[in-house]
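Please go over the structures that come below.
You will see two complexes here that share subunit A, one where it goes with subunit B and one where it goes with subunit C.
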Partner chain A sequence: MIEAVLSIGGIGLLAAITLGVAARKFAVEVDPRELALLETLSGANCGACGYPGCSAYARAVAEGKAEPSLCTPGGQSTLEKIAHIMGVAAVGTSPQVAVVLCQGDNARAQAKYRYLGAIDCVAAQRIADGPKLCPGGCLGLGTCARVCPFGAIEMTAEGLAVISREKCTGCRKCVGACPRQVIAMTPLDATVHVLCNSHDKGAAVRKYCQVGCIACMICKKTVPEAYVIEDFLAKVVYDHYQESGAAVEKCPTRCIRDFVEGYPEGSRFAPPVVPVKRQGAV
Partner chain B sequence: MKLKTFPGGLHPPDNKEWSADKAIEDCPLPEELVIPMSQHIGAPAEPCVLVGQQVKKGEVIGQAKGFVSVPVHASTSGEVVAVEPRLHSSGRLLPAVVIRPDGEDAWVEGLAACDAMALTPDQIREKIRAAGIVGLGGATFPAHVKLSPPEGKIIDTLILNGVECEPYLTADHRLMLEETERLIDGVTILKRVLGVERAFIGIEANKPDAIEVVGRACAGRGIEVQGLKVKYPQGAEKQLILALTGREVPSGGLPMDVGVVVQNVGTAVAVSDAVRYGLPLIERIATVTGPGIAEAKNLRIRVGTSLSAMVDFCGGLQGDPAKIIMGGPMMGATQLSLDIPATRGTSGVLLFREGDLALVPEGPCIRCGRCVGVCPARILPTTIAAYARLDLINEAEEYNAMDCIECGCCTYTCPAAIPLVQVIRLAKGAILAKRRKV
Partner chain C sequence: MTELLLILVGAIFVNNFVLSRFLGICPFLGVSKKVETALGMGMAVTFVMTIAAVVTWFIQYFILIPFGIEYLQTIAFILVIASLVQLVEMVVQKTSPVLYQALGIFLPLITTNCAVLGLAVLNIQKEYSFLESVIFALGAALGFTLAMVLFAGLRERIDLSPVPASFRGTAIALVTAGLLSLAFMGFAGLVKG
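Then we have the complex of A and B:
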């Protein structure tokens, strides 16, 4: 009995001493700020910062290799906390949201062919450059919605991706996943957008889409500083988004939309209230 | 005798009876030939003619760019009316040279017959390259590349692919029956290029007449004709090698790794023309068939002939076409319209009406394993497709997605109508992109 207690106790003691010495001798120094930063970050591991997860970003910030403002899902509050930990000023970029620049769902834009394959935009795009006649429009097979870590993208019944301005954190995952580059990053406060991504000439656009931009210049004539027409496609100059609303009513194909008046047809999202409040990542 | 074959595969109804007995007919020259610069695997050719220029039949109109590329030739004499992007069989607008035939069909000067057997292998290879010869089975891989094994690879066997395992198609079948002597001449030249003694012509057993005719002609000429079990995809390169020689091409490897070169029978005929007479590849045999055509036929077409011209020569459409396929039904590509030119790789045009198609919506995988059973590459299609859908590219690679030959057996047999090949192809694209990045 006593031998057993002594031997087991002895082994235990030996192991404790070894571990104790090893812990001191081989200790890895961790910047306490790195741990604090990791606590602050959302833990969504979305990759919006460009690092492979929150811990990698925390280390990069602690080592001074990354700007404190890169965590877009965390928004202003996270930026302030990071700045506080690092002892720097909380200078951030203005918050951004992703917008699908298309309203041409299956009811409004014509198909090039009947697609019966895998429900995936990348797969469909590989077949004769996609099943839509429009070279830039949303294919509506939901690849972006599947990669969104925040559930911010809904697919309408007629096949159009719509991104919630409240739920979107600006992580850009959908931008990278879309094979047609129809998703753009825009300032959160700008609610007026030209929802078209076709650079074809007006006559061609009219043939395949009821709600495409035909580059008629009316928006530009109405508010010259708020719009540019590039390569047969109008775009809002987001530095002047406050003035851009005046052209919404004038657009003959109704491809300019003010999201405050509602999301594109078929969406179940309630119109955002301005100024838009992010729901945040956590 | 037990016929040779490979493990896996399946038996789709072959529907060859519609056109198997129809002798090859010459399809008349259309009013306009649209000759795409991209008719082969590899870099597209670069147009080297100007609008308004008069060209002769066989004149080079597109220069090859790089080693894995071949020149493109005018299919007839006439005027170049446009050099511009045109709708291509890939569904994209790609550069093409448009020729309005002058009706004279006059050959370019300088094409001379020569004694093929007096040429060195390198001279023969150059003639094959200059003639723009590509694999005519449908994959259109430049023939001279296959015939130039790198230093250290020893080739001891040449296989001629006369299997034609795709349902509906009978172009190679008719070619073997009607062009037997040119075929054997081409095989003899190919044997000389590669310096091999052993040559097989593999023919599926559903073409007993071809086996007999070619077999009789080959007797005593050092070419062995081998009947093969009727099973799809018996004509796939790696499966054909396995069946005929018992050698398995290693994962990620090429036929040359097991000492074999495979060429289609049509390619051999083109090689004979090119080396003996200096003729470039400007025509081929194609089968026009399917329930949507008035009369199924085997046609000799000029490269650049539109599908609609071919259809017209076959008595026109029967009903509204709901699906147009270039190539065979298993591996061919669906076309956007009939205003697409036939290329060097067009082995057939299939027309189906709405009622002929089985349009079943995709369902969930029931883990029946049928795709695994039929896969001739012996991989797990359902597992790879599942990984591909989850974007787990490394896992798909680990499960040998790259060994998929895209034969379509898994998709054909899937009771849940899952587009397995399409999804696996997606994974293959992602794997290649990843490898390029690393």
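Then we have the complex of A and C:
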């Protein structure tokens, strides 16, 4: 009995003393700001800052190696807290959200062949450059939806990825995951986008997609400063997004969409609640 | 020498800790979503198991048996293994940040892992000598790593396959684990023991 108590107690005591000594001897000094920063960050470990996880970013900021404004998911409030901890001014960037620049779901864009492989866009893209005739459109197999750490991407019944403007934090994970670069980062305030990613000529686009940009120049003629046509594809000039709304109604293929008026067809997301004031709207 | 080789091969394939003794199932299911993390976990377990085998062998033969308190084996081993892992974690963090980056996050997970404790108890039950214990620990840990990596590779592929909705996630993982275990039964005739 006595031996049992003494030996187990002894082992415990010895372990406790060893650990106690080791904790002091092998203590690794951590910058207290680093711990404070880590608590401030969202903890999603999304990698939007370019560092592997929140703890790596916190360390980089504490060491002064990284800007405090790189945590896009945290937005303005996180930036202010980081700036407060580090004692610097909160100079931020405007918040951004990801947009899928395509409306060509399986009902509107024609297929090249019947794809029966793994449910993964990267795998599908490797077979004859994807199962859609359009070289740039959304493949609809949901690779982006699966990498999204915030559940902000839904796949419609007809196979089109749609990103919620409220849930998206701008972490860019989907941008990197998409094999066709159909997802773009755009300012949150800009709600008008040209939802097409095909650089083919108008006649070719017409053949395989009902809602593609045919580069007819009508948007450019309506609001010259807000649109630019590059390689047969119109794009919104986001510096002039306020004026871009005027061309929404004019587009003959309806590929310019104002998200305030609703998400692409088939999406269950409700339109963004805060409408942005547009100047020059008709 | 042949004896030691038999122990090693037996522990890796025939009596694989995960797939035929069913020890260490929680990291087997929990940390096996990616091959990379599975390998990290396997390395950490190898590290801890080998050290734990050495220390528990000394505890058994120099403390528990001389004092006649073998019935306190479980609690003594858990106590020693848990504090040992803590100590190793601290030393590694201070002396080798690179190794800590690779193994660090897995170390706290295996402080009281049943595979580590099971190994220590089996060493005593089988009445292995000191060298045999160390070899058995190494074999068991390598077998654990092998099972982890194989299973993680399978799960990575299953993620891309059209699995029926009701089987997705843990259900298909358990079915896969069962099939993998069945496959390892094929090694049963390789070594006796």
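Things worth noting here:
The definition used in the following text is that the second predicted complex is superposed on the first by the 248 of 282 C-alpha atoms of A that agree within 3 Å, B and C clash if a C-alpha of one lies under 4 Å from a C-alpha of the other, contacts with A are read in each partner's own complex, and residues count from 1 in each chain.
Following the convention adopted for this analysis, contacts are C-beta pairs under 8 Å (C-beta built on N, C-alpha and C of every residue); 3 or more make two chains touch, one makes a residue touch a chain.
Owing to the predicted nature of the structure, the values given are computational and were not obtained by experimental measurement.
Legend: residue contacts after superposition of the two complexes on their common chain; A:A270 is shown touching neither subunit B nor subunit C. Taking subunit A as the reference chain, the count of touched residues is higher for C when subunit B and subunit C are set side by side.
In the superposed model, A:I119 lies in contact with both subunit B and subunit C.
By the document's definition of touching, of the two partners only subunit C reaches A:V28; subunit B does not. Of the two partner chains placed by the overlay, only subunit B lies in contact with A:A128; subunit C stays clear of it.
Within the superposed three-chain model, A:L19 lies in touch with subunit C and out of touch with subunit B [touch as defined at top].
Look at A:M217: by the touch rule set out above, it reaches neither subunit B nor subunit C. In the superposition on chain A, A:A4 makes contact with subunit C only, while subunit B stays out of contact range.
Once the two complexes are overlaid on chain A, the subunit A residues touched by subunit B in the first and by subunit C in the second are 118-120, 123.
Those residues of subunit B lying in contact with subunit A across their complex are 90-92, 334, 336, 359, 362, 389, 391, 419, 422-423, 425-426, 429. If you check the complex, the residues on subunit A that touch subunit B are 112-113, 116-120, 122-123, 126-129, 147.
Across the interface of their complex, subunit A is touched by residues 59, 63-64, 67-69, 72, 75-76, 79-80, 83-84, 86-87, 90-91, 93-95, 160-162 of subunit C.
Subunit A contributes residues 3-4, 7-8, 11-12, 15-16, 18-19, 22-23, 25-28, 118-120, 123 to its touches with subunit C in the complex.
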